[in-house]
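One chain, subunit A, appears in both complexes that follow, with subunit B as partner in the first and subunit C in the second.
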Partner chain A sequence: MALPLPPGLTHSEVAFLAEMEMVTVVPRQRLDSIELLSGKTPPLRPPRREQLPLWLALLLKKQRRANIVPPPWLHPTSLQDIIHKETKEDPAAFSPPPPPASSYRADVGRPGMVRRNDNGLDMASPPFRNSCTADALPGYLPYHWLEVAEALLAHAGDDMGAPAGEVRSLLRDLVEVRAAKMRSSTSALEGFGGGLMSLRGVGAMELAETRGFVLGVVDGVRRIGAAAEANRREEEEEGGFRNDREEEESDDDMGI
Partner chain B sequence: MSYYDIDAILTDAEKIPCTFQLDVPDLGYLDNNPTHALKTGTKIALPLWLAEMLAIANTGGGDEDGGKSFINFDLPAALSNDVVQALKADPRAVPLRDQSAHFYGLATRMMDLSDERELGDVLRKSFVTRASEIALHARKGAGGSGHHKGDDKGAGSNLGVGASGEEFLRGLDEWERRLFRKAHDGTKAGKEWMEGVKRH
Partner chain C sequence: MDIDDILREVDPAHHAVAREKQDLQDLTRAWIAERSAPELLHWPSGGLFERINANIKRQIEKVEEMTGDMDPRTNFALIVIQTELERYKYLVRSYLRARIAKIDRHTLHYLSTDELRSRLSEMELAYATRHQALLHNHYLSSFLSSFPPALQNLNDTAGNISMIDPPDLESAVFIRLLRDTLVEGRGVDADGAMDGKESDIVILRWSDAKPLVEEGSAELV
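What follows is the complex of A and B.
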């Protein structure tokens, strides 16, 4: 009996991982630092903004102990900007992910999570990139954009700078635009040899949704091309073999 | 392709036209002629598994011609020139299932047996083109009470799947059906999650 789950993460797993993203909160009550497995949370003093993991921020929000500051890319103007980019400026590619931060603020909440390479570039991967805090850049969708946006809209709709309905409908548009793009991107596999699909800038939730389909298409193309590929390899090997034999023969000649 | 793959087994049973290269005694019943031997040059449709064996194996006799194979085979009707030309013209308009329920499976097996470079190119192009159409239908089908503003068909509702869409989906072969199911499952799971966000 096969494992009933398809390969890759399911939607709820992706959403669970997205709860590790840091968001900015404005506390309403004092709260001492909590020792979590991932490190200590900063102590909360009311007017001061602090960064907390999304799950904790949502918990505090539900208990009315904090307000969540939405990330700048979730603002309607930023979303419109991204939609414009996706549809008008570059209708073939997905909008690029946020650029790596060159100066990384020391993360008190999660020590040891800052990783740099020799160029001083931030090498951290999505849940540790602070791409959903109030410091994030507008106009770039981070890896967990859909999950974080949906969670914030569902539980902290009143903290949005703009009417939640507007943000929601813009998000829907964006989802549709990108889904259509994902469908048509398979046509890049048409040409022989140059069959590459660029998935740069695609979010985790979109990957979870289209993984089965895209892998199916790639596998189908591979199977259709398998015979031609085998022939090509055989020809190459035969050519190589002949060369080897010729070399051997010439060696023999030298020996004589 | 595993031993228990039902699609591989069914693909094996597809018939392809073969021509016998030698007389075979007592096999006349294959040609509805049980009393006579099977003559050289008789054309018979044999299942792929048998034709493959007979085409690869050779009689071994006759040193001068190196032994010839038992049969020669042609491309089956599903892969005939008409179908390939139609696929070249518009991949979406061809109901592949009418040609063969295991169209791509059959085609890959045939390409394994003989070198059909052009066929491979046409098939890859049509598979990819049809795949994006399949994804579109899968997304629409899963839409339910949907937000279809962004849909490029501008259908506005599930009715867009309507007559031509159903026609197209009926014409999918097994590979494409599997692809449709995957795309549909993904979209459905996404929709379920989207509706469930509130409850967490």
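What follows is the complex of A and C.
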């Protein structure tokens, strides 16, 4: 009954999450609004574009009831732009995630999706961010980029607007460039003494892939260095009077 | 407050949609957090699960009603409803199972103080107490009773070693920042701090991440 999995989402769980991303569809048939647990679906009236969660869009696509509009970042020019960013502009870091303002702007038509707290902050996070709809910004990879791109290529390759082969090969380049970065970031873990490491722009699947290794290294380093860390903390706490005591201690040592 | 908030307030339909979407997001976030955190987190307040369970029940009833209908159009709607229902149920089930796994592993720890007990839902508390009582009785009848009385406790702290095994709160986690905030982390060689930006993904110890997650500045990923 209890879940036998270790902490951290697995690949299939990440893929499940990615299916909650909203995408834009162009319906080919009328379909009345359906009352779902996550709210009513918009009534589909061809050819008006609507936004639906990916799992539902794929279901409609398989039954040829709708076409999926690929998100702008999946367009070959946008992908080339991202690859350029990843390799030339900043070869060390991942390309930046989509700015929050854009996802909010894309959301104005459907106020239900975004929660803003009292400070006016946008608290929605992927997959509830509309970063895979037709209104998303090109040139930025959203958190679930790999899963969404794979799903769209596998099931809606003919809707891509560009040859699916081209998109696929660009995606493969991107996967490789970023996998190399992920690997080099693990070498930064060797000296994981600072207590923090930022991986801004990383994707969900990439994280799921390296999670076990990265967390294992960080926890291992912590265990090995536990004694040293405790010493350091003690020293810091004692602060000022530490110098005198050290001298005393060394005197004692000599006496022995 | 901007124009959207005003519009939302005057439009009851929008509010209803927002609530359902919000529940889904809250459930998803709770699930991800529970799957990633090394310790048991607080049972969600605000009646989230009561609402979700009631909705699921209602949806199942609707499916039962619609199954008799053979009209092809409602048939497709039925497929969609059932697919969504299964997805929702999977989330709820996985969430509860992840919690039970943690409760099973550290039962005595979560029962040891009131603060920790308050994290469990009523059902979970009943489960943990009963399960622990059964286990203790079983141990007693099979071997503990032949030990000297002083050694029969399962929660002894003699010799500075506690028999209650707590989860490792220092294990590393990944978090995503939901707003710009200062992130501090303790490390082996030095303590680090950085000005975190919204959407940053950071690796740090759970004990350092916990305050950020609890105040809503970050979520586990």
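Here is the rule we use: the second predicted complex is superposed on the first by the 203 of 256 C-alpha atoms of A that agree within 3 Å, B and C clash if a C-alpha of one lies under 4 Å from a C-alpha of the other, contacts with A are read in each partner's own complex, and residues count from 1 in each chain.
Please note the rule applied: contacts are C-beta pairs under 8 Å (C-beta built on N, C-alpha and C of every residue); 3 or more make two chains touch, one makes a residue touch a chain.
Because the structure is predicted, anything quoted here is derived from the model rather than measured.
Undergrad: Once the shared chain is lined up, is A:43 touching subunit B (first), subunit C (second), both, or neither of them?
TA: Touch status of A:43: no partner.
Undergrad: Where does A:209 make contact in the superposed view: on subunit B (first), on subunit C (second), on both, or on neither?
TA: first
Undergrad: Mind working out whether A:199 is in touch with subunit B, subunit C, both or neither, as first, second, both or neither?
TA: Second partner only.
Undergrad: On the A-aligned overlay, A:154 touches which partner chain: subunit B = first, subunit C = second, or both, or neither?
TA: A:154 sits against subunit B, while subunit C stays out of touch.
Undergrad: Between subunit B (first) and subunit C (second), which, if any, makes contact with A:17: first, second, both or neither?
TA: A:17 contacts subunit C only, not subunit B.
Undergrad: Between subunit B and subunit C, point out the one touching more subunit A residues.
TA: Here the partner covering more residues of subunit A is C.
Undergrad: Please indicate which partner A:163 is in contact with in the superposed arrangement: first for subunit B, second for subunit C, both, or neither.
TA: neither
Undergrad: Under the stated touch criterion, which partner chain does A:91 make contact with: subunit B (first), subunit C (second), both, or neither?
TA: The answer is neither, since A:91 touches no partner chain.
Undergrad: Is A:239 in contact with subunit B, with subunit C, with both, or with neither (first, second, both, neither)?
TA: It touches nothing on subunit B or subunit C.
Undergrad: Do subunit B and subunit C touch any of the same residues on subunit A, and if so, which?
TA: 192, 211, 215, 221, 224-226, 228.
Undergrad: List the residues on subunit B that touch subunit A in their complex, please.
TA: Within the complex, subunit B touches subunit A at residues 104, 107-108, 111-112, 115-117, 120-121, 123-125, 127-129, 131-132, 135-136, 138-139, 147-152, 175, 178-179, 182-183, 185-187, 189-190, 192-194, 196-198, 200.
Undergrad: In their complex, what parts of subunit C are in touch with subunit A?
TA: For this pair, the touching residues of subunit C are 2, 4-5, 7-8, 14, 16-18, 20-25, 28-29, 32, 35-38, 52, 55-56, 59, 62, 73, 76-77, 79-81, 83-85, 87-88, 90, 94, 97-98, 100-101, 104, 168, 170-174, 176, 178-179, 183-194, 196-205, 208, 216, 219, 221.
Undergrad: In their complex, what parts of subunit A are in touch with subunit B?
TA: 6, 10-12, 15, 150-151, 154, 172-173, 175-177, 179-180, 182-184, 186-187, 189-190, 192, 205, 208-213, 215-217, 220-221, 223-228, 230-231
Undergrad: Looking at the complex, which residues from subunit A come into contact with subunit C?
TA: Checking each residue of subunit A against subunit C gives 1-5, 7-9, 13, 16-17, 19-20, 31-32, 34-41, 55-56, 59, 63, 65, 97, 100, 108, 111-113, 115-117, 119-121, 123-125, 127-128, 191-202, 204, 207, 211, 214-215, 218-219, 221-222, 224-226, 228-229, 232.
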